[in-house]
Every structure is written in structure tokens, then in C-alpha cells.
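Next up: the structures, one after another.
Next come two complexes, and both contain subunit A; in the first it sits with subunit B, in the second with subunit C.
Right, the complex of A and B next:
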């Protein structure tokens, strides 16, 4: 292949990947009143307006809450689960692994519908609680998988060495295992956070009056108002994600774990 | 029994349904350096793990320093273990690796510092305090693991294949190091190895194991000169072992006249005990290698392959040539089984 062809393929791929992102950034920076591309003049007023929309503030807070605490809860369950699957020869470990992975495999729209029909309605669970449980479940597979892979790289005799030196099994886990899978845990947190924050299909079924996650809120905002503030908000969220991943990569080579 | 410091009585160790070690009895004296020697799967590592408390015995008793520790958990047993892989903590500096156990005991900081520095000095690692294990060589990691165990002043120090991950030069260095440490501290040591030369060179007594049982127990000199079974003899370098039927030596391949009868069923010769160049028997040389002060031959004989070492002073026998040899009565080791 000639150099020209290679550059052409590379350029096309990059345009395909980055193009939509650029369109959103500029569409949000429009001076006009409607969402158009190319923008009609440039201004940052829509970026400023995002912060004044009350429902955005509420749903952003809810999404943040779900992403942070849902992921932490998933890690709280996922780390011991990964540890048990990794270290003990459990009967049916393969089956457990498959079940744990199910939320990734099953389409979110089915998860949402099923949860609404058989969990939220019969048990009369609050919307926030339902969202919390759902997000935790959806993030759990990432927690188990990513933590498992860093546990795989950690030899079991290190824990035995800690026990011989006087640790209880639990102390050995805290003092020796946890510090050595720190990177994997942080990677799992970031993956989980992003997954939860961007989740749409399942959350769609579980949003009620006044309680919605940010992506759902943005969808419904667009149904009524077609101004560039949604594009501005999208661009801000994209920057936030990039910043998180960038910092993580800088701090501990995030890409090694994913 | 009275002078036993570590005593294993009727120790049975199993993995699920598989019995790895049945009914083992072993007494170890205080300050002794014992080698558990045997091929892989002979139960030596399993026995060591049981002494450490990492494996609960199915039945039997483990006594250390007069106390029954059979049910004492590993973290309360006061035993040191140097793992084959060293099992150092990669997130901690060399200093913190050594200080790990002392800190767990909540010893005062000054004491932890003093003991850790002394421990690192003992193994010649002064100046390496801030290094991470990954920044140290294999030999240094080994010594760090040793220091980490020694600072705990364990009643017994267990070592799992302590020399197997080192190259030949380091192995010799580490061997001397272990002997020196043992002399200096007077600590009771049990080390596991599959290498007979290592066991013979280091240990006060060698426990040769096979299929979870003690095949023979004795000083290196005893084991080397007087192995009592075919397995022990083979492990100690008696590579030519044949059955005695009447006055004939017999193998699966054939027979040769031996001349006299004996009251034992088996006779064994080291390669050095086989006479080459003269004797009543004839074979063909099928392999030959130069080993400095002698030549190592493999001779194809009516009994099958015979390994024989010949002095370098004798004329070399070329591959494929016929050679006279003898299995002399004088160098034969009589084996009961």
C-alpha cells in the first residue's frame, strides 16, 4: 500500500471517530437559537446556559450520585466476588462468572423492562432506589472482570507469606492484596463510572416525574426545546470523560488494565 | 524422642481423597539443618506446608518445642518460611518487606528499625533499604526473603527449594550463606529440595522421601555410602542396579554371570565402580563424554545400558567399539529392596 493510501485510511478513521465530537462542540458554541451545524456565528452563551437549567442540575447530581455510589457498591460486592472466584476452587465458578457477566450481554432495554415489571412495580420501590440497584448491577460485571484480571497477576503465595509473618487472612488481604490490585480497582471504578453515567436504555424505564438521570433528562429536554444547550452539555460531559481517563492514564497507566 | 525439637507423629496429609503423606513420623533436633529430599510429588513440600500450618493434617500430631501446634493457625505458630518464588511484597520497599512482621507485632518503631537493619546486614543487603523487590536481582531477592523470615526469630525456618531459582555461581554463594546463617543463629532449619547434591552438601541429616513415606533417613555420609533401597541408591548415584538370581545378575534385557551368591536380592554400582577396559564381560560403547578427570561411557551390554566412568589415563574407547568391563564384587552395594 502506498503512503497516500495509508494516510487516507488513517484520516478517514480519525474523522469518523473524532468528527461527531467536533460537530457537537461547535454546534454548542453557536450564536443562533436552534441546534444546527455549521453553527450560526460563535458564542459561549449556550455553554453558560447549561448551568442555569434547573433540571440539568438535578439530573446531573442524580447521575453523579448513581455513578459514584453505584460503582462503589458494585466494587464492594465485586472485589470479594472476584477474589473468591479467583482463589477458591468453587463448584460452578464458571456459571457464576457467566451470570455476573449477564448485565453486559443482555440488552439494557430488556433489563429495564424486566426490572420495571417485576421489581419496581410489585415491590413499590422508589425510583432512586430502583436506579441505584440497576446501575450497581450493570456496573458489577466490569468490577468483577477488571479486578479478576489484576488478581490473576498476583501470586497466592504472597498472601501465605503474609500469614506466616503473623497476618490473619483478612489482614493479608488488606495489607498485601489490596495495595497490589489498586490499579485494577481504579480502572474498574472509572469504567464503571463512565458506564453508569452514560447508561440510557435501562434508565429510560426507571425514570419518573422529577427523577431522571442526566442522559434521560437531555433526551426529554430535546423533545421540547431544540436549542444548542444540549450540544453544549454533551461537549462538557465528553470533556469530563476525557479528563478522567487522561488523569487515570497519567497516574497509573489505565490502558494496561482495560 | 526426648531431644526432639520438632516432632511429627503419625502425620497424614491429604488433598481431597488423595493421600499425599500417610502416617509420617519424624523427629528433628534443635539447631539441626534437615533436608527433605525427593522427586516432585514425593510429599516433601506438602510436609513442609503442614509444619508451617498452611495445610491442616487429616490426622496425626505436630509438636514444636514441647507444644502441640497441630491446630495452631499459621500466623501464631512462630515459624519462618522462605518461599521458592520468594513471595516478596512488590508494593513495599526492601526495608518495609523485612519490617512487615515486626510492625504487625506492634513493636516500637526504634526496635523495628534496629532489628530490620540488623536483619538486612546479616544477609548483606545494607544499603538496599529503599529498593523495591522488582529492582533487585534474583539472589538479592532470595536474601531479602531470608532476612524477612529471620528477623521474626522463628523457632523453625522452612525453606522451599531455596537454591533452585539461582544460577550455578549464586547457588554456591547462597549455600554458604545459609550454612553461615544457620551457624550464627543456631536456628533449626528444614529445607525442601529435589537435588541430592544440594541436600548432601547442606544438611546435617537428609530425609529421603518417596510416595509420602520416608525411604531413608541419615547423615549425608550414611546416605551416600549406604543407601538401603534401590530408590535411595538410584538417588545417590548408583545408576546400575540389577537383580541377583543364584549366581547371575539379571535385568529385563538379559543376564550375566556374577560368580557368587549373596543373601540380598539387588546389587548396585556407581558409574565409578564399574571397571572399564578389563574384565570378563564385553559391551559396545554407545555414548561417551569427557568430564575433566574421567570419561563417562554408556555401554550397551547383555544387561542393557550400563553407565561407567573410566579414568582419563586409560585409552579412549570410541563410539561403537567393543570394550571389556566388569561389575566387581568389591564396589557392589548390597540392597535389601
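Right, the complex of A and C next:
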């Protein structure tokens, strides 16, 4: 194949994948009142307006809370699980792996409905708590998988040596294992954060009046209002995700872990 | 490898127990509700009722059709794009691959919203159509199957490309030139060399794209609305509009069965070819 053909195919594909974003960025920078492209004059007023919409601020705070603490909780129980699955010859390890991975396989909307009907309502759990639990469960498979793969690359004899030299098993874990897998843990955190922050289907049924995650708030906002503020917000969120991933890639070669 | 098993179980227990209790148990109960049209009585009545409505039938068939179309189209584009990426010089390969992966990190709401700007009444496509005089008034492009198809394709194409690129990277570099030198046409090169060597990647990518398209909520909700329902949006309606939890459970069961069988069928096809 000639170079021209190669770049023609790649150019078309990438335009299809990324072009729409550039359009959103510009549509959000419109000076007009309705969503159009090309924008009617350029201004940053919609980008500024996003920060003044109260429901966006509330839902952004909730999404941040869920993404940070849901992922941290998932890591808190996921790291020991990954360690156990990698370092102990557990009978039934495959079963444990399948159970922990299950939330990825089941469609999100089913997860949300199931938790609403058979967890939230019978146990009278608050919506925020329900969202927290759901997001933790959804992020856990990624935490276990990414940490597992970085444990796989770390030879077990290092810990054994530490134990022989007088460390307790726990000290060996903290002093030898943790420092060596911190790149994997950070990668798992970023992947979990992005997954949780962008999650919609599972949170759909668990969102109540006044308690909504940001993407769901955007969905309901665009049903009512047809102004460029959602375009501006979409562009800002895209920048945020890209910036996080870019920094992670530069710092630790994020893509190795995913 | 440590031998103290109870210690190992203790470490794995919180994660397993957590997922089991807050995830598997509720989902299990929900799925079992699909077999109880009346509480406590086990039957397939829920399925009979569901499929006897013509709306439900057409939504089911549309979901299946869109899933297959999106997976098929992304396989065709994916092979072309992946082949190009693998043949790029090392310096630009990483960067181009990064651009393919990039959209996956961005919120699906933002990604789908872009198509409103493009396909809406005052969007770019309609501006061009009206501007060129092809139509007097804007054409309805949103809330059509085509819009949902385009949205889903854009959402899931990267998954196919990634799977195929990693499969193709394992083909020894000189295999394709060797086949060409020995007289194979590009057509033969693809079907006799590339396809057999990358079918595992195709199975993984195909499963990801098909199940992704089947279970996407945002795209059919934004680009299809209530005019072009898919199973996910229908499930949402059954719950929030008609309070029909039996049908919702039936849809849940159908979705899960479709996802699992897609994987099995693709694996079977791949193993027959060899």
C-alpha cells in the first residue's frame, strides 16, 4: 500500500473519531443563544455560564466524590484481593476472579435497576450511599485487573527474601511490594476515576431529585434547554479527561497498564 | 507463592463478598423475576407476553440488527485502520494509536452530544443540504436509525481497532510481503493470511463492539429518543413510564443472554475457520 492510501484511510478514520469533538468545542464557543455550527460569532460566555449553573455545580461535586472515594474504596479491597489471587495458590481462585469481574460483564442499566429494587428500597439506603456502592462495585474489576497485572511483573522472591530477612508478611508487603506496584495502583486509580466519572447507565435509576451525577444532569438539561452550555461543558470535561490521561502517560506510561 | 491459604482467603474475602452481596444477589433476584410473571409462580409467561407485543418485537430486532451492523462495519473499518497503523513507522505509530484510544477516555455523553450539533435541524449536514438547494427545509436526521448507527459506530470503533492492532502486531513482519511476492492478490492476502492470523483479535473486538452497542443507553437515548427505541431505552421506559417490572426483567435477561451468546457464536465461527 502506498503512503497516500495509508494516510487517507487513517485521516478519514480519525476525522470520524475526533472531528465531532472539535465541532463541540466551537459550538460551545458561540456568541448566539442556540446550538448551531458554525457558531454565530465567538465568545466564551457559555463556557463561563457552565460554572454558574447550580445543578451542574452540585452534580459535578457528587461525581467527583463518587469517582475519588468509590475508586479509593475499590482499591482498598481490590489490592488485597489482587495480591491474594496472585501470590497464594487458592483453590477456587478462578471463581473469585469471576465474581469480582462480573460487574463489567452485566449491562449497567440492569445493575442500576437490580440495586434499586433489591438493595436500595428494601434496606432503605440513601441515594448517595447507593451510588457510592454501585460505583465502587463497577470500578473494582478494573482495580483488581490492573493491580494484578503489575503484581504479575513483580517477582515473588523479593517478598520471600524480605520475610527470610526478618520482615513480617505485612511489613514485606508495605516495604517491598507496595513501592514496586505504585505505578499500577496509580494507573488503576485513573482508570477507575475516568470510568466512574463517565458512568451513566447504572446510575440512571439510582438518581433521585437533587441527587444526580454530572453526566445524568447533562442528559436531563439537554432535554429541556437547547443552548450551547452542554456543548461547552462537554468540551471542558473532554479537556479534563484528556489532561488527566496525558499527565498519567507522561508520568508513568499509563498505557502499559491498561 | 505463599501456602497459608486462610490468609489468602482473608485477603480476597472483602472484595468477593462485597461484589457478591451488593451486586450478584440483586442482579440474580432481578433476573429470576423474569420467570415470575406473578410473584411466586414460576413460568415463561413474562417472555410470551413480552414477545406478543409488536413494538417489543421490533425493538428486539432493531437492537440485534444495529448490534450486527455496528460490529460488522467496525470490523471492516477496523481492519483497514489497524493494517495502516501497524505499517506506520514506529515514530508516528504511538501517536496515531493514542489518537484512536483518546475518545475512550471522554464522556460518552459528550461524544454523543457532538452528533446533535452535526445532525440536528440547524446542524452542519442540514446547513449543507439546504445551502446546496437539495431540499427546501431541513431533513430529519436525528431520531433515526441512521443517527443511532453513526453514534454507536463512533463510540465503539476504537475498541475494534485496538483489538485488531494488538492481533496484527503479532503477525511476523515479512509474512504479508512474502505472500505478495509469491503472487497472492490483496484479496487473497487478507482472507488467507491476515484474517486467519488475527481472528482472535476479531472475536475480542467483535464481542466488545456488539455487546457495547447492545447495552449502550446514552446513544439511543439522545440520538434515537422514543422514536428509535433499543432494548436499553425500552427497559428504561418499562420501568419509568409503565412500571412494568416483569417486562424490564425479561429485557434484562434477553440482554444478558444476547451478550453471552455473541461471545460463544463468534468463538465458534473463529474455530470453524481454522
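By definition in this document, the second predicted complex is superposed on the first by the 258 of 258 C-alpha atoms of A that agree within 3 Å, B and C clash if a C-alpha of one lies under 4 Å from a C-alpha of the other, contacts with A are read in each partner's own complex, and residues count from 1 in each chain.
Criterion: a residue touches a chain if its C-beta (ideal position, glycine included) is under 8 Å from a C-beta of that chain, and two chains touch if they have at least 3 such contacts.
Just so we're clear, the structure is a prediction, and the values are computed from it rather than from any experiment.
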Inquiry  = Quick check on the subunit A-based superposition: subunit B and subunit C, clash or fit?
reply    = fit
Remark   = The chain contacting more residues of subunit A, comparing subunit B with subunit C, is C
Inquiry  = Quick one: is A:14 in contact with subunit B, with subunit C, with both, or with neither? Answer first, second, both or neither.
reply    = second
Query = Once both structures sit on top of one another, what is the angle subunit B-subunit A-subunit C taken between CA centres, to the nearest 10 degrees?
reply = 100
Ask   = In the superposed arrangement, which partner chain does A:157 touch: subunit B (first), subunit C (second), both, or neither?
value = first
Key: Which superposed partner A:77 touches (first subunit B, second subunit C, both, neither)   = second
Ask   = First (subunit B), second (subunit C), both or neither: which does A:218 touch?
value = second
Request  = Using the touch definition from the top, say if A:171 reaches subunit B (first), subunit C (second), both or neither.
outcome  = first
Shortest CA-CA distance in Å separating subunit B from subunit C in the superposed model = 9
Query = Of all residues in subunit C, which touch subunit A in the complex?
reply = 1-5, 7-12, 14-16, 18-20, 22-27, 29-30, 77, 80-81, 83-85, 87-88, 96, 98-103, 105-111, 113-118, 120, 122-124, 127, 154, 157-158, 161, 214-215, 217-218, 221-222, 232, 235-236, 239, 245, 248, 252, 255-256, 259
Request  = In the complex, go through subunit A and note every residue touching subunit C.
outcome  = 1, 5-7, 9-10, 13-14, 16-18, 20-21, 23-24, 27, 34-37, 77-78, 80-81, 83-85, 87-91, 96, 99-100, 102-103, 105-111, 113-115, 117-119, 133-134, 136-137, 140, 144, 156, 169, 194, 197-198, 200-201, 204-205, 215, 218-219, 222, 230-231, 233-235, 237-238, 241-242, 244-245, 249, 255
Ask   = Which subunit B residues qualify as touching subunit A in the complex?
value = 52-54, 74-76, 79-81, 83, 85, 87-91, 100-101, 104-105, 148-149, 152
Note = In the complex, subunit A touches subunit B at residues 155, 157-158, 160-168, 171, 175-176, 179-180
